[in-house]
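Multiple structures are listed underneath, in structure tokens.
Below, subunit A partners subunit B and then partners subunit C, in two separate complexes.
Right after this comes the complex of A and B.
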């Protein structure tokens, strides 16, 4: 546990400035569709090479935490997740903004992000080594089942039609198979087209599926993009604090889920947000309001995705296995600094680790004022820009953002085609979220499935491999509960209503 | 152009057939892979998708829902936006990022414009558009070090 010396070291003027600068830079970059937390860190990482390791880590952690939160702006105000972590934020953030409560939604997101970030950092401080050991118990088959569990969350995202949601999820998984196979290098589903050889890039697919349909509908009517009340209501902090206090259990549950998901290597903020969103919906008394602008939805998604920051650092620092993609970049930066991560880090390099964790707390707290100020400007800008300028700017940003991911014009073309496809599918009741979820989970699911399949082929025990391990069985039970739980609950409620009527 | 279809939903079974076809094409494509590691997963997903699509059609036969297809709004503007964006992505390798961006931005302003055009707007909007394109070009090229395409017509 940190002593006063680490706290004082983290609170040096230089570190405070670095944390502040990192949060602001991360928030701004994260708010631009196409620019992810990973990219924000990758772009700014060279600046840290000349710093001492603790200061470098503080700045990188601040950029990371800011970028994860920044993704909420465009998710709420444009229905386009600025980063994949903000996918679940769009589900209630945008409907809330459309109803005229975009300002409140942004403030709620900020409070939830700060809360989640603090919980994640607290877990990192207190429970890093034992929690990392749990992550090590996950083998390929557990990752496969975990991905399938993620897919079953589609039931909460497909607005009533589970079958359409699951089909969308499968479609997303097949989209992710396009291109050169990671494991065996076979060229899959390209049909001879060079354009598809690079595969479907997840971020560009996300931009296409979420943003292009909004643009297509935005351009078709003269209505305002978002409803706005006549008078300025400021940042509505008091209102947001009251709602946050009412939803404290939701915030706590979502933050813990976010931390745990962050610990699992490769899972990340998007899955954390979706899992927490589903759980919040399941636990809520107003579950029918989810997807129509429920504040609890934003709280769950934003607290969970920011909790993954602290959670993701646990396997990164203790085991040297990056918990989330941005952690991989930070791990690289640490190696450049000469810091040897691993189980001994917390004892051999305790000054670096504990100064960094204190710095992470500091950066998360600084996110509250900076996030509220930047959020207010983002909201005011979006509502005051004329529609024609907004459409042109967002369309242009989607193109440059997509191009910049892999410097590929093909990605831009694929992004637009996917957007058109998303608009058409949406018209027939196929929501974009299950497709995106399928795309994201496909890599984890395929790796786990193929590795387990190969091991089972060698040992001859397919059933034992897929259904014989205790953690797997636990996840399978969760899958069954997730798929059939809502149906059984509905039947039970109907039966009770009928009994009451009699 | 209001067009909210409230008749019988004939689209759901068509979508079911579409996804069965996608699964079939996937399955056919996997027959050309050399390594079992490449085909085991897409085949499994295609199989599950086929089952779910059949279940969707059966569900439609039982429930017989009404169509809620909503195509209200100016479809020519929708098509214009999509054509402009696709066109820009195809032209970018030839014209370069800057020129394509300028053409796209200014064209989109005209496509999405519902307010009456005044002389001031005719001057200010394209100027702001040009400023945005140059601004983003500068940020991405010089600060974020993204190698934006110069365009083969300009020696790129």
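Right after this comes the complex of A and C.
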């Protein structure tokens, strides 16, 4: 456990300033679709070489935390996840903003993010070495089942429209196959074109599928972008606090889910947000409000994705295996500085780790005031800017953002094509979320399946491999529940309605 | 906001370098050099380039600005290499066996011959890695197990058609064994599988031994001589296998780059390689320094092409 000297070290004026600057910069970057935490951190890595390792870590961690939260702004106000972590935030955030509660949604997201971030950091502080074991307990087959579980969320996300949801999911999975396959190195579905060689990049797909349809609709309809009530209501902090207090179990559950998913390398904030979102809906009394602007949806998604920050640092610092892409860059920076990660980091070089964790707490707490202020500013800007300006600015940002992810013009083409397709598909009732879910998860599922199959072929136990491991069985149970739960519920409801009718 | 303008600057530079002015070899380098890594940040290609960064500045007074163009396992970057301006201020990282194997699999927008390498500055030697508590104490133990249980020895590794995979093919052939290679996405995931007991051993790199020193042992390394950081780990050569291989990393320039600038750049990278402090850092990370300069590049690539293509055919990666 940390002593006061680490806390004091973390609270040096320099570190406080770094944490504050990092959180602000991160929030702004995260809110701009295409500018990611990974990139921001990579740009700043050379600067950190001149700093002492703990301060460097604090700054990078603060940017990361801020960026995960910042993704919520564009999710809520523009229906575009600023980062993949905010996919689930769009589901209720945008409907809420449409109804005129965008200010409340932003404040709720801020409180949930801070809460989730603190929970994740607390797990990192107290239980990092034992929790790192989770990362190792997950083998290829567990990743495979986890991805399948994620895909079953399509059925939960597209209630009443299951078939269209599934078609969308399959379309996303097909998109994921384009390009050089990640582990087999096969070149697939490029039709001989260099344009498609790099595959469909997830963030450019997000920008295309979510943001472009909104832009087209803005141009095509005379309505205002978001409804606004006449009087200014500030940041509606009191209202938001009351809702947050009421949703405390949701926040706690989502934060724990977020931490655990964060520990799994390769899973990440998008999956954490979606899993927590569906769990919150399953547990909620007014589940029919989900997708139509339920505050619980935002709370679940935002607390979970910020909890992945602390969770992701667990395998990074304990095992030297990065939990998320930003973690990989931070790990690289640490190696260049000569810091050796591993369980020893939590004992021998503990000053660095505990100073860093304290700094992470600090950054997360600082996110409350800064997040509320920036959030208010962002909301005001979006509702007051004339539509003609808004569309042009956002359209410009989508191009720059998409290009900057991989410095690739092809990604911009792919983004635009997907955007137009997304708009057309939207007319026919296809939502973007199942497509994106398919895109993200099919890569994880494919890798897990191929690896499990290869290992099973060596030992000969295919059945044992896929159905004989305790964690797998647990996930399979969750899959069955997720698949047939809604069906049974509906049957039950129908029966009740019939009874009532008689 | 400062940060933001920084990333915009990076974007702007990337866009502008295409149209930037000409260069004169005499005062090369007299402006910052744009160093494109065709992979994402945080990987070994990035980290080793980061190691070069401060020494380039120290020796030549100019900044080496690293940017990333990931996608298609490097193919996206390399397919665009020759479209960049050839003035010596646009350079790109290259990796072997990638640039040899990929274009032979399918049309990936470039051929091995399209790429003008000016220097190979190091390699990360292949190594067989096991957990500390593994029953395999020596390479012989592992070979014995594989002989008794054909196909049952599982080894994780990074990707297919990669250094790890081709080393596995080569080694199996020489040792007369059959093992099961399980490809993972990157070294991190391959190590994760090893530490989590999903596989019995890993075809990894010496850098894995350096990074995870508390938890893993290396049974042998694919080098000519033992690695200075691991004096107790034998080479495959000592144990009777002709295996010297790994992931080779170097620097290439667009085809349009003038001959004298290619040579100057080659000398510059060579000078960084000769810096004792730089060497210490690289060795500490488990890398092995290598000096293949512009003059020696063609012979080196030709030799590697021969052995890699042969292994890739045996491993079913190439037809």
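Note that in this section the second predicted complex is superposed on the first by the 489 of 502 C-alpha atoms of A that agree within 3 Å, B and C clash if a C-alpha of one lies under 4 Å from a C-alpha of the other, contacts with A are read in each partner's own complex, and residues count from 1 in each chain.
As a working rule, a contact is a pair of C-beta atoms (placed from the backbone, for glycine too) under 8 Å apart; a residue touches a chain by one contact, two chains touch by 3 or more.
Every value quoted in this text rests on a predicted model; they were computed, and no experiment measured them.
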Partner chain(s) touched by A:222 [first = subunit B, second = subunit C, both, neither]: first
First, second, both or neither for A:454, with subunit B first and subunit C second: both
Partner chain in contact with A:25 - subunit B first, subunit C second, else both or neither: second
Which of subunit B and subunit C A:163 touches, first, second, both or neither: first
Touching partner for A:184 - first (subunit B), second (subunit C), both, neither: both
Contacts of A:406 with subunit B and subunit C, given as first, second, both or neither: second
Touching partner for A:389 - first (subunit B), second (subunit C), both, neither: first
Subunit B versus subunit C as contact partner of A:430, first or second or both or neither: first
Touched partner set for A:485, first subunit B, second subunit C, both or neither: neither
Residues of subunit A contacting subunit B in one complex and subunit C in the other: 43, 183-184, 186, 400, 403-404, 407, 450, 454
Subunit B-touching residues of subunit A, taken from the complex the two chains share: 43, 163-164, 166-167, 170-171, 173-174, 177, 181, 183-184, 186, 188-189, 191, 212, 215-222, 386-393, 395-397, 399-400, 403-404, 407, 409, 412-413, 416-417, 420, 425, 427-430, 445-446, 449-450, 453-454
Complex contacts: residues of subunit C adjacent to subunit A: 1-4, 6-8, 10-11, 14, 36, 40-43, 46-47, 50-51, 53-54, 66-73, 75-76, 79, 101-102, 105-109, 151-154, 159-162, 180-185, 188-189, 191-193, 195-199, 211-215, 281, 284-285, 317
In the complex with subunit C, residue positions of subunit A that touch it: 25, 28-29, 32, 35, 38-46, 49, 63, 135-140, 179-180, 182-187, 192, 194, 197-199, 201, 265-266, 315, 319-322, 325, 328-332, 335-336, 338, 340-344, 400, 403-404, 406-408, 410, 447, 450-451, 454-455, 457-459
Touching residues on subunit B, where the partner in the complex is subunit A: 11-12, 15, 19, 22-23, 26, 29-30, 33-35, 37-42, 44-46, 48-49, 52-53, 55-56, 59, 68-75, 77-78, 80-82, 85-86, 88-90, 92-93, 97, 101, 104-106, 108-115, 125, 128-129, 132-133, 136, 140, 144-149
